[in-house]
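One chain, subunit A, links the two complexes that follow: it is found with subunit B in the first and with subunit C in the second.
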Partner chain A sequence: MKSQLYTLLKREFKSYFQNPIGAIYISLYVFFSVLIAIQIGQLIEFNEASLYSFFEFQPYILLLFVPALGMRIWSEDNKSGTIDVLLSLPIKDYQLILGKYFASLLICLIALIACIPLWISINFLGKADNFIALGGFISCLMIASIYLVISMAISMVTKNQIIAYLISLLFGFLFLASGMPIVINMLDGIGFNLGNLFAQISLLDDFENMIIGQFSYSAIIKFILIIGFGLYINFEFLKLKRWGHI
Partner chain B sequence: MLELISVNISLLGRKIIDDLSFNAKDGDIIGLVGVNGAGKTTCIRTICGILEPQSGEIKIAGQNLKDNRTFAQKQIGLLLEGAPLWGDMNAKEYLEFLGNMHALFGNDLKKAIIKAVEITKIQNIFHQKIDTLSKGFKRRVAFAGAILHDPKILILDEPTDGLDPEQRAQALDILAKMGKDRIIIFSTHILGDIGDICNRIIVINNGKKIADETIDEFKKNTSGKLENAFFKLTGGGV
Partner chain C sequence: MKLHTAIIKIFFPLALVIAIIFASNSILGGKGFDISQDKLFTLDKSTKQIISNSKKPVEIDFFFSKQASTQNPQIRQYGHRVRDILRQFASASNGTILLKEIDVNQFSQQEDAAIALGLLPYNDIGSSLEPIYLGAVFKSGNKISKIPYFDPQTSDMLEYEIAKSIINLQKEKQKTIGILSGQNWFIENNPNGAPKPIAQIAKSIAEENILINLSQDFANLPPNLDLIMIVQPWALSEAQQNLLSQYIANGGRAIICLDPYSNISVDNDLGNKHYIQNLGRLEKEWGIVFSNEVLMDKKGALPVHANINGRLNIMPQPLFFNVPPQNFNEKTEFLKGLKLGINFASPSYLNVPDDQKFQFTPILFSSNDNMRIESQKVSQYESPQEVANFWEGEDKQKIIAALIKPQTEMKNEKKGMVLVIADSDFLADSLYSDDGAQIADNENFILNSIDYLSGDQSLYQLRAKQKIKRNFTKIDSLKNAAQSQILEKQGVLNQELQTINQQIRELSLQGDNAETQNQLNILRQNALEKRAELKNLNEGIANSINKVKFILIAICAIIVPLILLLVWGIFYNKRQKIGLMINGKF
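After this line comes the complex of A and B, so read on.
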């Protein structure tokens, strides 16, 4: 028998395609990703069978695109009142969160799959390392997943999608920026080994290692832990909602 | 079948429901009345498991709502105030979604949808996008969703608000028929609706239950008029 989680996932996924939003979103993501890889990353000028120029900018491109997907996940239901319909249904809270999360993650996955023609084209240029390319796409999905759980949690507490987007952008940026040398040096100046501490939670270094094929278990575990923690925050926020605190 | 025991709810530091207790059995059609802000909607949202009380217990079919929320929610059909719906769906998709959520699939789902559609008379707009429907039809679609899984407890928040006289009469007629073998809790500020179909009235004021009587008892000391009895209790009137 189909579960409530699957029913919700299907409904949420379909909702992206009931109007042109889903298609526009995916098209814009692919367009800007390829454009930036070619124009700024000089994908063609390098004349290498590598997707590094494409993956290099993904943390920033996804930072702009994923919150746009996540901002509506709860805030739209908050605004229309359908949140009460959802909360009155016989579905467990974790199923509610996972149903919404996987539906949006599926959109991210489709957006990434839509970039596969670029991967195929690279193979025509020369002998590409397809294992590294596959790892790069998986890394992108992981980083998108982190942005998604952040924006999902924020959209739970507001009816306003713009506010949800901007705050998600800020939090996502903090996750990224904490790994930048300028930020680490600044935080080190404060003391308490803060720079090192923030560098540990940054996604940037791990992502950059993964897109050049240097996979480590610790990085993968870190990504999974952050995603899990983000989902747990969503669960706690939903509990607060049921308590009438948000 | 439904039991509320000393339920207390505070929202953002303000007490909304204060030590509310009552129970209901099959055949009870309860009018839940009170002035705006009295706590009717919060009470309904709590019985349906949308909100959790800070203290007290809610038992549905002998099960504590807190311990087994999804079981309790399977017994409840809910029509919320303003009938919020997903506008991007059509009535068919909406009913299928709710049916699946209540573990109805295949032929069972089909039969349930046919029955709900017949009762609410939404055949003509069945494939129409909800966003394009009139307020009255949106409410019918929401009502079809509430009765789809043949719930033992039907909870309706302001169900006749915004309906024209004909639609109102139809809605009350449906409720009167359905109320014979289940509990119906009917929140409204239109006292006429209560007198027409309810056999029991609960008055809430500032989150407290101030009356829980049969309609006849309620009218007895106030020249047979519901309004007089209501104003006497809540201290309102003109």
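After this line comes the complex of A and C, so read on.
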């Protein structure tokens, strides 16, 4: 069973590199992340040997990049019809979902690893807190995982990759924006303490704590639950697809 | 599977997930782990010690406007951090500390209580938003202390502030400190009551202790003084010297800050004449051997704004320097943890007394690249460029502060002790504080010294527990090296420019013939070139930093992605070839 999951993961992973899209995707992510950290985040001007300037923009950069990765996961199979072939294979639904999910997550991981030269450079220029830096990369991977499961689920219900991308962007943004004052005030206007309730679901506060080295158990539980729920949604959507409801 | 069953299957778990998130937020609160090397989010060992030593129960009322704080993410986030650390205090106390969390809404009873207790709301200037309360009241028996507002700007001191409030409640009595100072930028003498602290260090001392003013004509010392702080005082009469001598001989403790040239006093138009530069016979009695010279330190030189050729530059000025932790006496307990070092301005230095009857312990040293100048000549070295031009360094470290225990014939249990610091400017806010953020440990040094001399060690370690500034050391040294080079070259170029200008003036007086005109043109051209060279030198520092930036972008943002594309290209090409070979087309 494990080998089936592994075979699918390998196949999906390789599919990213059958054309230049995977490599271009990673290269663009690295280029923009580093450039934004140095130019907009003023990494050098702050004169602090830390990757904070890099991490602080990651929720937004990843929000633009990860749905681009996730939009094609099911949409392409939907469009080309290979979804029917996949569903007819003697492979369990969860293996199918996990195989695709981990393959895409691996791309995110490679993209983050490709930013490590910046980490090394910071260490060369000064004495960085490397535990915080490592925590920051883990936090980025966690937030990327959330965006990925969201965009995977959206891509299941549409054949159009652009629509999948835009809706994923919207949902991902909601997770971030739910902690923003403007949204909270708007929700408070509705009543039922909605603003405060949504603020608790926001990922932004937790992410900002993590990149300075403070990992709370409740934040970790939140991240794991959202990822788990996202995968579960994928599982349920796949079942609906099997039954022809979507 | 029916559609509505699937919808139930999705919405029920969704509700469950949200419920668990809310439950974990309220049950676990801020519990978690701290991966920072400085352990800023974990209670320090010394804090735990303070908590376990607390015998009296302490009640903490934590006021936080949860609802209103959603308008300001920074305050909300900091409020959660304060709440989390207070919970850590409570859970580490085994029930001695009781935490009560009070959610303050506008126009509520809780808000009335917060206002009555003197808590301050946070409001954006000109904002019509709800007031945000983020403060705490500490109660133990009849005693009460408060933190009116937890300021996110001083988040590094959060744990210390809370621990201090708890300690102050536990103390039977506050320390009494006599202040003898002629410096009104440090403390204002009040003949009718307690002196008014002006400098931040004086305010911090006043927060934790009872300050007693020793006026210019004091005729006796108040009883039960725990310590006397002497900061550049007025001239002391014979009777006053006797009183002070007697005080130390009877086991008294003193901190003495004397300076042959006080920049801050000069800036405040006090001049040197208003205070003394030595303590007369007391120095001999206590084993203090001050130098009359002023010390400059090149290695620890602090950056200052300098006007060079009409341009405002930031240059290292050796008259103002930092004594880093590596120049501390490592055996001195109360200096441990002062990671930012201590900043001084034109201090003097101390010599080791010849007399063996003094136990002399140097605690702060200059670097081994220093220079001595006469105190009267300090004004000549106000420009960093002047200092660079006339630098004649010595490679022997000088003593800036020392602990001295004079030997007395009195057989008291408590021995007298004097901490002597050869500077008074270091007490001024501008030397160590930048917009409220501490850039050096001057304040912690004095507060720790007071605690040490008065035998109170509870807050030593905690004061120093703050985020270590992790600078780009390579960029700093690049800047310093470039600035030194620039200063040297600027000196040479300025001289050349002056010579050329002089020649131009002389030639201009010689008349208006063709040859003179030709020579004038050449000289003017030379002058322009020298000015251009000076301009280029000034741009040198900015260019060297831009170069680092460019290299970083080139390596991390351009070369790495290009390598990735190249690696992909090689593999792709290889695979294509294999594919063609299999198909027999290659």
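In this text, the second predicted complex is superposed on the first by the 244 of 246 C-alpha atoms of A that agree within 3 Å, B and C clash if a C-alpha of one lies under 4 Å from a C-alpha of the other, contacts with A are read in each partner's own complex, and residues count from 1 in each chain.
Convention: a residue touches a chain if its C-beta (ideal position, glycine included) is under 8 Å from a C-beta of that chain, and two chains touch if they have at least 3 such contacts.
Computed from a predicted structure; not experimentally measured.
S.K.: Given the superposition on subunit A, are subunit B and subunit C in a clash or a fit?
M.R.: fit
S.K.: Counting only touches as set out at the top, which of subunit B and subunit C does A:Phe192 meet: first, second, both, neither?
M.R.: A:Phe192 sits against neither subunit B nor subunit C.
S.K.: In degrees, to the nearest 10, note the angle that opens at the C-alpha centre of subunit A toward the centres of subunit B and subunit C.
M.R.: One gets 170 degrees for this angle.
S.K.: In the superposed arrangement, which partner chain does A:Trp243 touch: subunit B (first), subunit C (second), both, or neither?
M.R.: In the superposed model, A:Trp243 contacts both subunit B and subunit C.
S.K.: Name the chain, either subunit B or subunit C, that contacts more residues of subunit A.
M.R.: Counted on subunit A, the partner with more touching residues turns out to be C.
S.K.: Let me test your reading of the model: by the given contact rule, A:Leu89 touches which partner, first (subunit B), second (subunit C), both or neither?
M.R.: In the superposed model, A:Leu89 contacts subunit B only, not subunit C.
S.K.: Once the two structures sit on chain A together, report how near the CA atoms of subunit B get to those of subunit C, whole Å.
M.R.: In this superposition, no C-alpha atom of subunit B lies closer than 5 Å to one of subunit C.
S.K.: What part of subunit A is shared between its subunit B contacts and its subunit C contacts?
M.R.: 243, 245
S.K.: Can you list the subunit C residues touching subunit A in their complex?
M.R.: So the residues of subunit C touching subunit A come out as 1, 3, 6, 9-10, 13-14, 17-18, 20-22, 24-25, 27-38, 40-41, 66-67, 70-73, 76-77, 80-81, 84, 469-476, 545, 548-549, 552-553, 555-558, 560-562, 564-565, 567-569, 571-572.
S.K.: Under the touch definition given earlier, write down the residues of subunit A that touch subunit B in their complex.
M.R.: Per the touch definition, subunit A meets subunit B at residues 1-2, 4, 7-8, 11, 15, 18-19, 80-82, 84-85, 87-92, 242-245.
S.K.: For subunit B, which residues are in contact with subunit A within the complex?
M.R.: For subunit B paired with subunit A, touching residues are 9-12, 45, 48-52, 54, 69-71, 73-74, 76, 78, 80, 82, 84-89, 97-98, 100-103, 105.
S.K.: Under the touch definition given earlier, write down the residues of subunit A that touch subunit C in their complex.
M.R.: 17, 20, 22-24, 26-28, 30-31, 34-35, 38-39, 43-44, 47-50, 114-115, 117-118, 121, 124-132, 134-135, 179-181, 184-185, 188, 193, 195-197, 199-201, 204-205, 208-209, 212-222, 225-226, 228-229, 232-233, 236, 239-240, 243, 245
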